[in-house]
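In what follows, structures are represented as structure tokens.
Heads up, the next two complexes both have subunit A, just with different partners, subunit B and then subunit C.
Let's look at the complex of A and B:
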């Protein structure tokens, strides 16, 4: 750790700390914005605070000072208010209204800051992209430690946001989840929402020096969106979002130093990468786990179809011994969907043989006791479903097979027995074939 | 006309409600007293949900007033429970079933107090009452439609109210959940509560509700179920849709637009 610090130097450490704190504040606010589907509003506010900052600086405020914070919050709330005005009075769609208002305000800010560049201590480039690298050079002394001014502002703002979140969390959650019910119990929903907007403006303005007006949107939206994929409780989501944001700040800054490029840009890139990883690896909704679930189901269906096919062939052989010589493997009774490839059938049979469900006998396959029990359950599901459909739906006999071929893999024991109770213990399906009885052991293929 | 001095549990007095400038409920006069199950019945677009939302202060009144337990809404809010339509919320929202039920206790906690052990115990008890104790910690998006509706009902129970409003609690709900919901509503009646239910299914309305109101933008009839649910009244509610009210509503709206 000591070598790390000395390598980067105290300057870099301060810059990283500042980036981490502003990112954490944005991620906390962003969590509520994302679950309320208000990411666009966050985008709007983060841009629209610019004229508020500029005007405050022109009026004598210093960057990071109280006057600037107030100006930014006022500009943010003005955006929300103007948008609502356009939508209720002008009949403009809310998203279009947001687009009109924030771009206009942002442009106004750019125009003023450029025109007044010679008079005020505010650089247009710095406003747009942030200058995290320069943050450590503007310091204030606190208890004989030189703390960057931006770090001080960011910390105060973060503590403010965190305590507000702690105190009003339940109200924010109720308002976010069910605004009608919140209103019905007397929660001033408009006021709560305005509070969230003010918090967004605060988080944004604290981030301005570090990451600029454009990339701050990434800090608001991306960590929370990634966290939403990973966990399913709002407070967990807030903590995960903050952790991802801090990691993004630290890794992003170091990567930017290594590649000698923009720190804010690299932080946003790292956040995007974190989102990508979450989307691929998320335990429940991730691309990989969904793919794995699909493949596991396909494999199960393949194996069960093989088992059932052999079961049916043995049944046919028992009824008409003359046909016993028919190759058992090719016994795939009236399959209407695309048959699985020869290779995958072979693979399934190899697994079934290996797991002791079937055994090879002179060129064909024979079920073991366990295999027969499991296959019986599948055939039973299949024929019960045919019997049930035949009774309840006006479907020609030859149309009964395809749905049953699909349903047989999903019918649980409870439903099977209910269907049997309903269609009666007649013991045969609409084609006149015997429905095997429920086995004593627990059946396979149940969900 | 006798002048009733007794204050009713729920009273609409000449209530007119408009969305924008367009009236959707006209001059509703309705008094309801508990305990009991009260059905609000009518065709699509009749203003059934609007009637309930008006009582809860969710839509502004153009005319008339509403009294709950003889008082304005603001004075009795803690005594009112509400189950909105299931479709009005985002069920992918990252909360568990028990956390949603816990929201029912928030109103009594005030602004800054956080829910504690007492509230959590109550929330679990309410979930047990609707038969969902075992899936309390599941994320709400993973529940079936009927289970989601029962979670909403459990949240209303956690409010420990005296007057409940339920907006279409039986819509898109499986038979088992319907039975469970009806059983809980009957328990509420037995506890002396008044339960007002917006309902669209005429087949079940007759057996479930003690009293009903038939509405189609105006009040057609109200009173004990047996006397109100008659062929004549139903025809007046469903078949006799009053185009005049629609036309008039549009005319009022137009007048507001053109100078």
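Let's look at the complex of A and C:
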């Protein structure tokens, strides 16, 4: 901290602190907006608070003062109310109504700012993307420390938002994920939603001097969206979003200082970068991990299909020795997907041979004990599923195979046994082929 | 003095160009709005700033065609990123739009601020793309804008049938073999084109209003797509022209906000005043229905009261007690009462007759009676209620399909034989 202060100076430290607090408040509100699919409502509100702020300033409010906060919240709620009016009274689609209302209110704000530029301390470009660099120069003295006014506002607003979130968290979660249930247990859902809109307006107006009216949407939505990809509980999401937002503010400010450009813009860019990293690398929902999971599943299906094919060929050979060719490895015509390439089949067989499940015999393949056990499980799943479908679904016999071909890779032992109990231990599938018994071994690798 | 004639010419050409942009934006935006893609253009619009800045950095010049080409590439790229985010991440549509919008605008601001801070020659004017600025447009620029706008409208006219079908019933369009996804992409790309050529007039932050507000205003006036398109085009044209003119008259005022406010005024007038869907018209229709119903209840009560009294007249009090509300306090009843008086369905009993009729208890209370016209109405209403009551009792499904608060004559709905059978059934079931 000391080195940071000496490096950037106290001015920069204050600016960074302001940016961090502002971003944290936005990220907290944004978490709820994102899970409630109201990101664009947040965007609309953040634009539309402008006329509220401007009118409040013209009426004698000071930037960051109570009057301005009230004006902003009023303008934000007005946006929501007008949009709803347009959709209920005019039959306008929600997005079209939003598009009309927020552009109009924002345009109104810009025109008033321009017209009254000589009387108020706001200029159109500051309105668009803020002047974080100038924040430290407008200070108030608190206990002999000169604190930037914007920092003071942002802190108060953040504490307000955080305590509101803390007190109403359970309600928020319920309203976000199951509004009908919330209504049923007596939660005033409309009131909670209005409260969220007011909170959005508050977070926006607190960020106004630092990042302007338009970049706020990045502060609201981007950290929360990144957090949503990283974790799966709502309160974890809120904490991660706040952490990401603070990191974005600090790194963004420093990068902007280094590259000599707009701090607010750079903060949005850093947040975008954080989102990109999360989208690619997130443990469960990241692009990479999803790709890996898919490839792993495809590989498992490929190997299991080879095993089952050899199993069936061996079965056929046992029944009709004249046609015995255990070398038929692509014996399962799969109607639901492109058949695997020769190369991938060869690869799968090589792996199966290497892991001791199959063994090569003069031009063909034969199962080892372990391989036979695993293949038996697959074939058993397949035929049980066909039997179950044949009993419960009105599907012609020749259409039973494709679904079974998929499901065979995903049935656990418990499900298999329940199906067996239900279809009766008749021992054969609708095609009249024997359903292999459950193996006694531990060959329960698949789930 | 010699240069004077060229100035009006330039201004005229710029005005014509901007008008063409407004018209085309309204037309293209109409289908965007109908397809419920109203806010897609907003993300593209905010991203254009990046394209403008990069194009400037790469060429070092501030020629409008170059900057707009950059803006277009950026807009399309941002839409591509949007599609990609929806496809490969778990992020939902609304958040994806907000992310693209916010981050690309941040990048644009970063680049423009960087250019300004470094004092690169000519870079200072890039901020004009934020809120729009037409003063610096040359005639050549305006011709370019008009040309692109005309091309966009032409493309839309060529693909009009397909685009309309997709906008109204995407599932049917897909079933009839249309490449719905391709048409969607084409439509969104056209919106991006309009957003880009709208930049000089409205600016990156507000240009989306140019493709949203005129169509929404036009929608209030008509239910026909072609009419809506033309009307939206005209609204866009007016908004662009008036906006540019007004902002030119006031120093320091950016074009974009004024254009948007003019368009918004057109919308408000449409929303309130349109004869079919307008708020005023709907309010009056609602009130007319309420008044008609209240009038019916008054004459019904009046008929009962007149038949009950020996004098063939009624006091207001007697029907008020029957209706459970007073004419003086209930506004719908009050309006209905005045309406009935106005069209001579009820009339006061003349003083000469009233004094003859009056007994002790009704002394001082003004008496009323139904005119022949009012009596006819009341009897007809009673008849309709009775017949509809029978229909409801026997064939409630049929009745629900036709019966409204207007209480149409049953003969207009059912053929006479059917009605007769229904009434006979009810009469038979009565003791």
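Here are a few things to note about the model shown:
Note that in this section the second predicted complex is superposed on the first by the 298 of 447 C-alpha atoms of A that agree within 3 Å, B and C clash if a C-alpha of one lies under 4 Å from a C-alpha of the other, contacts with A are read in each partner's own complex, and residues count from 1 in each chain.
Note that in this section a residue touches a chain if its C-beta (ideal position, glycine included) is under 8 Å from a C-beta of that chain, and two chains touch if they have at least 3 such contacts.
Owing to the predicted nature of the structure, the values given are computational and were not obtained by experimental measurement.
In the superposed model, A:307 lies in contact with neither subunit B nor subunit C.
Once chain A of one complex is fitted onto chain A of the other, the partner contacts of A:169 are limited to subunit B, with no touch recorded for subunit C.
Touch criterion met: A:177 reaches subunit B, while subunit C stays clear of it.
In the overlay built on the shared chain, the residue A:231 is in contact with subunit B alone; subunit C does not reach it. When the shared chain is aligned, subunit B and subunit C each come close enough to touch A:37. Ranked by how many residues of subunit A each touches, subunit B and subunit C are led by C. In the superposition on chain A, A:80 contacts neither subunit B nor subunit C.
By the touch criterion defined above, A:423 reaches neither subunit B nor subunit C.
Contact with subunit B, but none with subunit C, is seen for A:185 once the two complexes are overlaid on the shared chain. Comparing the two complexes, residues 37, 228 of subunit A contact subunit B in one case and subunit C in the other. The part of subunit C that touches subunit A in the complex is made up of residues 33, 36, 38-39, 42, 46, 85, 88-92, 94-99, 101-103, 105-114, 117-118, 127, 130-131, 205-206, 208-209, 212-213, 215-216, 219-220, 250, 252-254, 256-258, 260-261, 264, 267, 271, 277, 279, 282.
Within the complex formed with subunit A, the residues of subunit B that make contact are 53, 56-58, 74, 77-78, 80, 82, 84, 88-90, 93-96, 99-100, 103, 106-107, 109, 111-112, 114-115, 139, 141, 155, 159.
Listing the residues of subunit A that touch subunit B in their complex gives 35, 37, 167-171, 173-174, 176-178, 180-181, 183-187, 228, 231-234, 236-237.
Residues of subunit A touching subunit C in their complex: 34, 37-40, 42-43, 86, 89-93, 95-100, 103-104, 106-108, 110-111, 114-115, 117, 124-125, 128-129, 214-215, 217-222, 224-225, 228-229, 256, 259-262, 264-269, 271-272, 275, 279, 285, 287.
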